[in-house]
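To keep things simple, chains are lettered A, B and C as they appear, and every chain counts its residues starting from 1.
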Amino acid sequence: MSGENLKHAQGGVDSIDPTASVGQACEFGQNVVVQAGAKIGAGCTIGHNVVIRNGTILGEGVVVGDNVVLGKQPRPSPTSTVKIREALPGLEVSDGSSIGAGAIVYAGTKIGRQTMIADQAFVREKCVIGDYVIVGRGVTVENETIIGDYVKIQTGAYVTAYMTVEDHVFLAPGVYTTNDNFMGRTPERFKFRKGATIRHGARVGANATLLPGIEIGREAFVAAGSVVTRDVPPATLVMGVPAHPVRPVPEREWAENQ
Amino acid sequence: MSGENLKHAQGGVDSIDPTASVGQACEFGQNVVVQAGAKIGAGCTIGHNVVIRNGTILGEGVVVGDNVVLGKQPRPSPTSTVKIREALPGLEVSDGSSIGAGAIVYAGTKIGRQTMIADQAFVREKCVIGDYVIVGRGVTVENETIIGDYVKIQTGAYVTAYMTVEDHVFLAPGVYTTNDNFMGRTPERFKFRKGATIRHGARVGANATLLPGIEIGREAFVAAGSVVTRDVPPATLVMGVPAHPVRPVPEREWAENQ
Amino acid sequence: MSGENLKHAQGGVDSIDPTASVGQACEFGQNVVVQAGAKIGAGCTIGHNVVIRNGTILGEGVVVGDNVVLGKQPRPSPTSTVKIREALPGLEVSDGSSIGAGAIVYAGTKIGRQTMIADQAFVREKCVIGDYVIVGRGVTVENETIIGDYVKIQTGAYVTAYMTVEDHVFLAPGVYTTNDNFMGRTPERFKFRKGATIRHGARVGANATLLPGIEIGREAFVAAGSVVTRDVPPATLVMGVPAHPVRPVPEREWAENQ
């Protein structure tokens, strides 16, 4: 346990709870806080001023940048529709993944192997994120969203709550998704609240907007700046405001043909 | 004063100025800096690596996340049009409000009760923000903007300087507002510089753009992805680029009928 | 060297590498980390919880806000197209420039004099940024981009990799640029990958989207919310989705006539 393992930590570890454990050959920056029950695997690199909150589990060889907060418990505002009854289980980050400087990842979320949560990104509670994923700089992933493997979500994109993003999807910078056509009014909104479903290999262009509940078909392509108001068929390129079909997506661009 | 009250603080407070005061039953994280003249009310929870700058006033039961900066003095760039002559009064945050991890809130701003400034958000100087407001993750609120009560500003929205946002307004993720039709050219621009006015209960959809000086009428609804180039009448739904009126907003969706 | 100069530092400097140097009359906040080979010029002000990584060079009178990370080495994800073979040279920030709270600036980048990188902004490796520039709050500047003098990039704008932004350009809040028409598919994409070129004095309105490889002509004006799919001639105002020419830009609005 920690008493022994802490000898492996390099640098000025400030505050490691006695119930936390740190694997062999980890490197720590200055002013790191590791709270109760956290488990840090062997060979992790932890930056300066990092806060690892209760019960967070890091696999082997995880790299955490400066000023990161891991395992934050959600604390909804007094007027939020999200209700939290008890503490969520700790955040889990699997082997070989990295968390960029200034990023915040909540408790109750699981992140796969070899995945990168980039600098200043933000991932809420109860998400499941796959392997070999990039969650880009400053991206938001809201609560209870499922993201497959080999997904790339680029800078500043906004992935709303209750979404499904399948394998090999590409979301360009500044894509905005939504899940509530009523924008916070009427009791019906809870019945219809649903984020987009983005099927295997689909690509969504920069600064596009996806309306609630729509489905972007397998290998579809949404052009930059489009506003997507209805489902997009598989392997179809759409563009415009509102987006309309223009042509098929050539097979040589499909994910399975790369 | 602080000498006595500091005994109530839990944890490893690093640096509290002797002229600062801390109320009873506060909890502090590691590496907290509290500068001269700051006043922290009873029952506050302060995260790790928090910087509370000169003269900041926190009410009772305020919750501050990790890596937050409160009460920063503005320091405009050499080429900015904002000129600052002397230090502004401290930031004020009222009872029961919270500031999310990584957020930055400037001096000279007042935040009401039970309001949430979410993670990584940014609020400039000389703003007045009401009660029961949500300023979402990564939102920007520029200087000298007035925000009413029960307003929800969602992730990544940009609220420009000199705006008025009335009670019960809803701004969806990625809404962008503007205040200068000349984008930094000609002396006339200072005469016409004006942000949008968003009236009681109005809703603006995801990734919409509002041109300078326009008024969004009471209970109006701007569809996602619209570019609003002229005033929107009350209780009217507009959409498109440029946005045009489509139909009335049903009364059951008005804020007063929730 | 540092042994002597450190006496000039005010406050609780936590960790300065013995091979780093600090000029006269600098002020340091709490919990500052300065790593090997860093050089901090005379009269710099360094905030709390700042991390200055290996080999970073700050000129005279540079102001660094709280929670800043300077000189981070890039560490691409396993699936990124960016490959890094060895450590880049240190970040260089010239006299009189400032870095806002929570900002992150990578190694291998050079920033000119009297330039402001604002709060929570993000600048990647191998960029060259000129004098008297503003990189606004939360802006992203990706790798290997060239930015001239007197450029203003406003809140939340996204400047992609391999772009050229000439002197006196104005990018409004939320402008999104792109550099890959194939969004990560086919080998051809590497041949055509190219960001926009934005010529002297051009202005791009809020929430506009610029497609890959286009050129925005000298003193051109892109209206807010436009999607620019082809080159914009000099001194021409364009608007719409897709953007089309509307009228000339009056000479009194040109940068050279201010």
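In this section, a contact is a pair of C-beta atoms (placed from the backbone, for glycine too) under 8 Å apart; a residue touches a chain by one contact, two chains touch by 3 or more.
Note that the structure is predicted; figures quoted are calculated from it, not measured.
Novice: Looking at where chain A touches chain C, is over half of the residue numbers used by both copies, so same, or under half, so different?
Specialist: Mostly different residues form this interface, as fewer than half of the numbers used are common to both chains.
Novice: Enter the angle, 0 to 180° in steps of 5, of the rotation superposing CA atoms of chain B on those of chain C.
Specialist: About 120 degrees, rounded to the nearest 5.
Novice: Once you find the CA centre of chain A and the CA centre of chain C, what distance in Å lies between them?
Specialist: Centres of chain A and chain C (C-alpha means) sit 25 Å apart.
Novice: By residue number and range, which residues of chain C touch two or more other chains?
Specialist: 31, 49, 67, 102, 120, 138, 156, 174, 207, 241
Novice: In their shared complex, at which residues does chain A touch chain C?
Specialist: So the residues of chain A touching chain C come out as 12, 29-31, 47-49, 63, 65-67, 96, 98, 101-102, 114-116, 118-120, 132, 134, 137-138, 150, 152, 155-156, 170, 172-174, 203, 205-207, 221, 224-225, 240-241, 252-255, 258.
Novice: Quick one: which bits of chain A touch chain B in the complex? Just the residue numbers, please.
Specialist: 14-15, 31, 33, 49, 51, 67, 69, 72, 75, 77-80, 102, 104, 120, 122, 138, 140, 142, 156, 158, 160, 174, 176-178, 182-186, 207, 209, 211, 227, 241
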